[in-house]
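Listed below are the structures to be examined.
One chain, subunit A, links the two complexes that follow: it is found with subunit B in the first and with subunit C in the second.
Then we have the complex of A and B:
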């Protein structure tokens, strides 16, 4: 375990040093984030008018959902995308061989090799938005409430990671599946809005098949202190199952890996 | 004329090789459907119906039209151009007696042709799920919509070409393009029909080219009441404005260009 933590620190320190060479990119990332957030706020505000709201959520409560989404989006651009996009390249160029030979778990290496500071402002703003909106709603911070919220957020991160890694794993067979993550990203934008704002049929689809509900709505409910025990348990179960599936899928996929040109 | 035919047919054959990828790209345009789900829910629970200015059927048709318009007005010239510039292929293209932008234009048109069957399948699926929204635009309606879609594509292509020519100065023009995408996403009418915008925002949006890239053709195609006056004139104006700009930027850029690595 300690070895993994030490490796992780080395990985990210070198990545940060490398990325700081490109300061203009950072500025563009900041501008893009501000624009995206302003646009999202604008769209959500369109849903609020006299007598209407987004699935019965108050304006501030909906902002908590948006905050959680912003944090997850930041995690995507900081950790998931820079790492998982390389899997296809490794398969194509045959360099996956070298990774499999390293005395460290290959899934760990591929998932955490690098990180990009691009998503950090998003993560920060998302957390800020959550805190501000939750305070406005009047959520009272208690130790158990805080713990539940952290737990639900962690479980949503695990689900998000499993979805991405599972999809990236398919590039062992089909090298060109990176485009599929664009589909995933587009579908996950559904998480910007509370799940109860969707028609009933879509709601169950977004809970069971593509667990968008557990990604943003459930953590937001936990933060606002209105989560039920059942929902919390379901979220933890979902996280465990998806993580195990994605781990198993990676192992299974490796059995079919025969290196490039063979 | 002969050049155009050869270019188009060769690009079409090339794009057919990438059917799977293009299918995935088509799928990643699901955002209008997500937004439709949200808006139809607002309409169903709305305290005062008609407040949106559109009924349920019009809403469904609008977002389906927006999806179709988006599919056939997508431009990706900046990515293709950046890759060619970074890899040095641009030098060869510049030597040929044909403006390189024509080549990209042919590639775009060929890709749209490849997209057609996938879009048709998705539209069919939509009608299966929502049979009461089925409509057939009358012939003049369809023709005007088609012209509008082509003009919208021209605007998008020119706008992105202007960003692509920045490749001559910077190596990362696609990063700048992300900033263009944000107002496109939120002001074009992709996430919400322009009818629901606050008047001030709508007036502002109409001064930008973005509503003409989605909302205007989509309104024509869906047969909804038009909220634009002089839509075609505005589109023609934008094209007349962008065309010399791109030509100018291109000229200045080529003079500066000294091949990558030189």
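Then we have the complex of A and C:
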């Protein structure tokens, strides 16, 4: 475990050092993130506006959903995208060979090798938005409530990671699978709004097929203290199953890895 | 032409494959490991491959728009036998060269041995492990260096990449520094280690790649074209380093290279792979002798002579003014040289083996044609 922690520290230290080599690029990344967040707030203010409600969610409660979405988007920018989008490149160029021959879990390497600081302010803003909006709604979570909320947020992160990694794994056979991850990102965008704001049929689709509901609405419900035991259990089950499937799928896929020709 | 034809080589191939089959098969080896059998004093082979095969499915596409559309909707593929039932074993500390034309199957063999590619058939035991399982104890013992691919972090100095590798292999700070210093000295690397990789020359980068790959002191090295694209001096330095590393640590080195100089300088034993099959397994010297039953005689004459003047001595390879190159059968060499010296005004005479590149190049050409 100590070896993995030290490796992780060195992974991220080198990732940061690598990005600081290009100051201007990092600055532009941060500016783009600020612009994106401002746009997101503007769109939701058009939809809701104080006093209005959508799908039974008030403006402030909906902001909690947006807060969770912002945190997830920040995690995508900082951790998921920089790492998982390189899997296809590693397969295409054959550099996956180096990773597979290291005495360390290849999934760990591919999932945590790098990080981009550009998503960190977004994660901070998302958490701030959650706290502010939850206070406005009047939610005062007990320690158990707080723990549940943290657990549901962790669960949503695991689901998102597993789906993304699972899609990236298909590059072992198809090499270029960026389009599939774009679909996943588009689906995540649907999670900006509470799931009950969508028509019933779409709601089922966004819960069962693309588990968008578990990504943003369920953690928001937990934060607001509105979550049922069943929903919480379903979210944990979903996270466990997707993580196990994605891990099994990666191991299975490696049997078919043929490595790029030299 | 016919006397060094494909048939002769296939005969050799069969004979030498039999040699490999006499060696203990992986199952027997595994049983020996399991029972901790100390009875035999024979060294345990570090690599034991028996009837190793790999078949790939490769998609086929015709050129042009029509071909592209057909390829998109009805994808056709065929099976390619990259490696066909090859058997060999390698003892610890050996330096073995894999020879073969592009696409012969040598890189695929190397990738199966390192555990990157699952074999389609046969038995394989490397360093006491089934390589495709990629167990940590196996991976700690091996390394892979590829001339065309790099593992160093492009924007940072090599030292940063070394620190990442040290953490992955669980090396402590002091030991890491000691090993970096030792390897840097052997590779003649100094301030290059603190310069971003993108600012290094190709030769410096390859030396840093080697350092990164050997930091955990592996006992089995898989080197795929490690001197590719390097200038002559850099190639020589890499070769000297590899020989030195092999001597110091008793490491086994398996090398593929298109530069025959790498093979001649480093590998007393070669495996010649052709169209997926094992053509030859033995010493480079014997291979040269068998492939080329002639020796190259270079003459410097006092006065130039036409090619016809040499027809009774041997085959004229080249004539350039007063300089003549003749190919003469090995068993007639002494007599022919005596006649040359007696009949012609010779200023200088030199006898050598024909360049191995030419010999093997001719073999591949003949093999493909037939």
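Please note the rule applied: the second predicted complex is superposed on the first by the 256 of 262 C-alpha atoms of A that agree within 3 Å, B and C clash if a C-alpha of one lies under 4 Å from a C-alpha of the other, contacts with A are read in each partner's own complex, and residues count from 1 in each chain.
Note that in this section contacts are C-beta pairs under 8 Å (C-beta built on N, C-alpha and C of every residue); 3 or more make two chains touch, one makes a residue touch a chain.
Values in this document were obtained by computation on a predicted structure and should not be read as measured data.
> State whether subunit B and subunit C clash or fit side by side on subunit A once the two structures are superposed.
fit
> Quick one: classify A:69 as touching subunit B (first), subunit C (second), both or neither.
Neither partner.
> Once chain A of both complexes is superposed, is A:42 in touch with subunit B (first), subunit C (second), both, or neither?
So A:42 only meets subunit B here.
> Would you check which partner chain A:198 touches, where first means subunit B only, second means subunit C only, and both and neither mean what they say?
first
> For the combined three-chain view, what is the angle at the C-alpha centre of subunit A formed with the C-alpha centres of subunit B and subunit C, to the nearest 10°?
90
> In the overlay, answer first, second, both or neither for which of subunit B and subunit C A:214 touches.
neither
> Check whether A:255 is in contact with subunit B, with subunit C, with both or with neither, and answer first, second, both or neither.
In the superposition, A:255 touches subunit C alone.
> A:32 in the overlay: touching subunit B, subunit C, both, or neither? Say first, second, both or neither.
In the superposition, A:32 contacts subunit B only.
> Any idea whether subunit B or subunit C touches more of subunit A?
The partner with more contacted residues on subunit A is B.
> Please give the nearest C-alpha separation between subunit B and subunit C in the three-chain superposition, to the whole Å.
5
> Over in the complex, which subunit A residues touch subunit C? Could you list them?
Going by the criterion above, the answer is residues 3, 6-7, 9-11, 14, 17-18, 21-22, 93-95, 97-98, 100-104, 255, 257-259, 261-262.
> Help me check something: in the complex, which residues belonging to subunit A touch subunit B?
Per the stated touch rule, the residues are 24-25, 28, 31-32, 35-36, 39, 42-43, 46-47, 49-52, 54-55, 174, 176, 179-180, 182-183, 185-187, 189-190, 193, 197-199, 202.
> Residue numbers of subunit C touching subunit A in their complex, please.
Spelled out, the residues of subunit C in touch with subunit A are 56, 107, 111, 114-118, 134, 136-137, 139-140, 142-144, 146-151, 153-156, 160-161, 163-165, 167-170, 196, 224-225.
> Quick check on the complex: what are the subunit B residues that touch subunit A?
20-21, 24-25, 27-31, 34, 37-38, 40-42, 44-48, 51, 172, 175-176, 178-179, 182-183, 185-186, 191-192, 196-197, 201
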